[in-house]
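Each of the next two complexes has chain A plus one more chain, namely chain B in the first and chain C in the second.
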Partner chain A sequence: MRSKLLALGVLAASGIAMARAPAQAQPAAPSQITIGELYASSGPYASISMPVYNAFKMWVDETNAKGGVQMQAFGNKRIPIKLIAYDDQSSTATAATLYNQLITQDHVDLLIADSGSVLTSVGVPIAREHKQFLFDVSGTGAAFFSDDNPYIALMADPVSTIWPHYISDYLNDEGYKEGIRTVAILYSTNDFTGTQAAALKGFFERDKKVKVVYYQGVPTNTSNYTVLINNIAAQNPDAVLELGYVGNDIAFLRNLQDSGNQFRFVFTIYGGTEKEEIEKNVGVSAVANTFSYVPASNYEYKPEIGMTQTEFRAAWEKKYPSGSGVAFGANAIYGYMTGLVIQRTLETTKSLDQMAIHDAVFALSGKLKTLDGTFELRKDGAQIGEVTPLGQLQPAGKDDLKLVAVYPPDLANGKAVLGK
Partner chain B sequence: MHSSRTRRAILDAAIATSVVAVMGIARGVYSNELMLFNFIMFLTLSQGLNIIYGFTGYLPFGYVGFFGAGAYGFALAVMHLHLPAFAAMVCAGLAALVLSVILLPLLRLSGAYFAIASMAAAQALYEVIANPDLENVTKGPYGVSLSGVFAPAASYYLALAILAVTLMLVVWLRNSRFGMSLQAIRDDSVSASMAGISVVRGRTVAWTLSAVIAGLVGGVFAWHISVFYPDTAFDLSVSIFATVFLLFGGATTLVGPLLGVFILYGVYNVIGIAVPQYFQFTYGALIVLLVLFLPNGLVSLLTSRGIRVP
Partner chain C sequence: MLIGAVIAGIFFGLYFTLVGLGLNLVFGVMRIVNLAHGDVLMLGGVAAWALFTSLGLHPLVSAVLVLVVFLVAGLPVYYAVVPRLLRSRDSEMLSLILFFGLSQMIEAVTTISIGATERSLPPRLMGVGPIILFGTRLPKAWFYSAAASAIAVLAVYFYLYRTRLGTLTRAVMVSRDEALATGIDVNMVSAVAFGISLALAGIAGVFAPFIMGSITPNMGVAINLTAFAVIVVGTLGNPLGTLLGGIIYGVSLMLMQTYLSSWANLLPNLLLIGVLLIRPEGLLGRKVRRA
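On to the complex of A and B.
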């Protein structure tokens, strides 16, 4: 009886060992890595979505030209990338269905959100429900990030509250010395710009130097700012901060020029962030001497992976020459930079399991330096590594402007010139 | 005579039951749940619109106003009253009901005037909800996050239950004296009134029923999607889609709106995923062809030959 039991035990042990053996061996490498992405070819978010999509495709082409991504998890074998991309046409309802399609029907290995907070918002709960890690390119909505959701990380834009602090620091510091005492804040009521406006108001109220004399939110689809500019002028502020998307900034700058009103300090987000698009639509004179953020498309960081800004710009202009419809700007950098994060993630991940992807992405935090600056994540997945220096679009020759970083002093490469 | 009406009612109920069963089974077969949910949503909305347009002739372009009111009724109940999702659904229906009562005077208008006035009312409500000064109440334009009650399976089956009730309501309207009286009002309100039908009562009941259905759908949508902006809840394309599906299939019938949703929303999803660049062209061409050759909807292919369509 005892010998029978012993034999059974040996048999069971050998069975377990045999069952375990294949699990310990290196898993078979997939023939390709599928990446799902949404983009908007039309509608209000096309101007921020298409540069991201085109730049990401550039990274895919560049990677596949080398044979794919070299993955440690599969014996350093190069595995090509297959991109599955759907057009959500700037509709959240369509985007929600397409996020589901990518996860449940296409079974993508990696999922990339469309640009901006609105089109990312519907993807956040869907990705979480399906335990699929979401590469959030530029959706900065504060509600997306929480400690109990490990399935998201913000790639390129810092969270909205980080963006504007150099504006208030500059106005409270150097601006105050130059006589700036009052400020008007006009913002589009969406997650991205509304959060920045609220943060700015808080900074000014906290520091008690520059006084907010006008604070007004307007719908994001506002296309005529004439009355609003006259209302602002009635308050006679020294500085005017207009926070909107590309379309808002174009309308504001056009209307400001037409109105003849002049302020000592005028700020828009996209004057510098999407400099070429804005110049093309409002003309050089309307945007000259205004202030804006200095994005990576106008600032030369030293990357440790991928192309430099100058190299990337040259590659972009070769692939998408002037007049092709998609202008070079910060969003193009974001798209390419997302590709670089994915590249390093795939190179180092232990498997394609979504929590392994999460671990690999977070392991890059603070260590990855791209043409977009340092990639650094907060514990909840929000991006905190990038900085947004304050810049001014200063004349550089005939019909040309140069975006000069003017604040903070350690990042500045020029000096601000305030209006009279 | 009486038994033939009963047979028709049984046939209608059988079709309604089959649709609900198919959508229930589909969840176990096809995993893009949100797409199926959207089908249920539009099946219900087009039938809700059928009640007010098909049976009384009023076409509210601003139907999405009730949908948005329901979505925000649900969201406010969850955020501020901390109600469980099923209880918050009651608030969704109530929000739409209250809005429909406020908008009752619109029924004094007719035709294009009514359609445009209802759209203006929906837009006004959107502006109130999205007002940044109401951020503490509605979250303003910054959107609502209801991740605490997020339950896709429960909300899917609740949406299915709402569809079932709505379809049965349409079956009842098609086979009841009240439904007949509504159609009489639609065809000639003066004659109907002379025949002793209460025109005001009939229109009021149809209007509020239609609104409550949209409100409940809005509520279950808010529950299912859990993160949304005012632009999403008051998106005019919700009204447009529901209207197009209803007109494509054929109003006043049970089957017409069902066909409209299954065919057009099916095509929408196939094209939208496979060849989005041809989406607007194909969809536009389909609608132009319909308006030119079948102005009373697909079902008119049969009804024009004297065949009764459920």
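On to the complex of A and C.
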């Protein structure tokens, strides 16, 4: 009897041990996931950085309200997010110090770059050196991505070389039929716009239809374009493409209207991308009929995760009502969308090891549809899923403009109207 | 393109004369460098924006209000800050630190109050369409700002050379100690000059949205650098030399934008380095800096 009891005890003990074995192999769940992020509350990039930061905070709050992210790696336990965010004040030098601090002092689990190519550019080599995966929200400079760097993925914008191809396609196709023969390209000398300008010049030279008659770079802090516009007008181009950040586009569009010069086709990046911000500063008449990219904020994608654009906008306006200083626009969507990618990454990653994070992010490629469109990565981490249709800000009633997608034809919901 | 750049540069430079005029007046009278000058300019722009959005005031009306308010506000600010600064052993150097701190404070408070993004005024307020001068198209706002600058230069000239207070101010500019010894109320004279300086910066700020497209809380630092280049070129401590410095800056910038646009933002630094190496007393040659 005693031997039977002993045998049963041994069996029971071994059964319990076997049942516990997988749990013991699983690493202990951390009390929180720390995410490090930079933002710019002041300086020339504040207007593209603060919407990203505010929207990302919305995702953090929403997630923590549910108890955190449910992570398979830790037995489907919900783990809350702790956000450590520093203000780089639009300074690359400060940003470099803070990226280092987030990695080496705060030991964050996940690292998010500040918005835009300029403030991301300093984070790319630092993250790579420390083998820390960088969630690059909207730093689209082509030089950031290479096959030998697995520590980066672009979240919300296509890489800069992809952005402008619909502009050149339109001008070489429908524009050419309408008599567009010459183009002037004026760009700010930074990774984001410099890459786009070089890509555009290459497209036009390759296709040999529309001729580039003016190609000049200006410092990103340029705040007056009057003489530059007069110089462009002296070349008499049919189309003018101004590639700059928000402050550049505001100054350019105001100066263009003030100068009285008119061109058949005028393009700015932020006329559509940050439509409210631009309209507020330059007025409806100065931006009417200009062309721009159609961002996710003006295009209703059907998300398979997270809020729809309408729901997100309502939540945004509840949290950041008009007059709060940060306008709703594409960058707000980029911030929220980055949160959704991180959510899925954390849910599916095998561990918090940075290469496991890399694998989890890349496993989402082509399978994740958010309010920003399809998330798809090239093998070097460049974003290629999301598209940037060409749009035109067409009058819609008194003192209002509607951003109409005009190219490519399969994405168009209106027809372009060229100036005479 | 050359003639266009020169004409545009003269008008643009006149605006920067207005920007630098007050900074130079303060240095001339008090031998201190107001590194918050650009931030005061920004506050002038914010005031014009706030007055337009809340009361619908035209910026030219706002300019008059800003002139009065900033002039009056300058008096207590002077008495709170400058006399103590001037009693220190190296007031010129300490002023850099103190006003840098003030600059950061103004920027931070403004950012908290109105946000970090761009603010502007509708271009139509200064008239739509260009004025064409020798074939060069210039915004109407440039003429208004150039006119405001010309009026400011003339007013400062009139104040310095045609009023009793101006005579006393020039006496303080020559030697603060000797002026004090002769019984001049140096603090009162300096306080008025400080108020005028803030008022000039404020008026320049009202025109800033039309010249620079928009205003942001952080614009002060860049403005300071440019204003400093303008007054060093024109001669530190000589308010009227600012006119020369402003025009040289404006014309050089427009020429750079025309022929070497990518390098245009180097211009203030190049002008500063060039003048300090070749003619450190400034182009008008009046030696006012202490060794």
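Simple rule for what comes next: the second predicted complex is superposed on the first by the 396 of 420 C-alpha atoms of A that agree within 3 Å, B and C clash if a C-alpha of one lies under 4 Å from a C-alpha of the other, contacts with A are read in each partner's own complex, and residues count from 1 in each chain.
Everything that follows uses one rule, which is that a contact is a pair of C-beta atoms (placed from the backbone, for glycine too) under 8 Å apart; a residue touches a chain by one contact, two chains touch by 3 or more.
As the structure is a computational prediction, the values presented were derived from the model and not from experiment.
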Room on chain A for both chain B and chain C (clash or fit): clash
Of chain B and chain C, the chain that contacts the larger number of chain A residues: C
First, second, both or neither for A:189, with chain B first and chain C second: both
Touched partner set for A:292, first chain B, second chain C, both or neither: neither
First, second, both or neither for A:277, with chain B first and chain C second: second
Partner chain(s) touched by A:365 [first = chain B, second = chain C, both, neither]: neither
First (chain B), second (chain C), both or neither touched by A:343: neither
Partner chain(s) touched by A:217 [first = chain B, second = chain C, both, neither]: both
Chain B versus chain C as contact partner of A:105, first or second or both or neither: first
Contacts of A:124 with chain B and chain C, given as first, second, both or neither: first
Which superposed partner A:94 touches (first chain B, second chain C, both, neither): first
Common interface positions of chain A, toward chain B and toward chain C: 41, 89, 189, 217, 219
Complex interface listing, chain A residues touching chain C: 40-44, 46-47, 50, 89-90, 189, 216-219, 221-224, 226-228, 230-231, 233-234, 246-247, 250-252, 254-255, 257-261, 277, 280-283, 285-286, 324-327
Footprint of chain B on chain A - complex, ascending: 41, 86-87, 89, 91-94, 96-101, 104-105, 118, 121-122, 124-126, 128-129, 141, 143, 146, 189-191, 194-195, 217, 219-220
Complex contacts: residues of chain B adjacent to chain A: 31-35, 38, 130, 132, 140-143, 145, 147, 150, 152, 225-229, 231-232, 235, 237-238, 269, 272-273, 276-277, 279
Residue numbers on chain C that touch chain A, as the complex places them: 1, 4-5, 8-9, 12, 107, 111, 114-120, 122-124, 128-130, 136-142, 210-214, 216-218, 222, 254, 257-258, 261-265
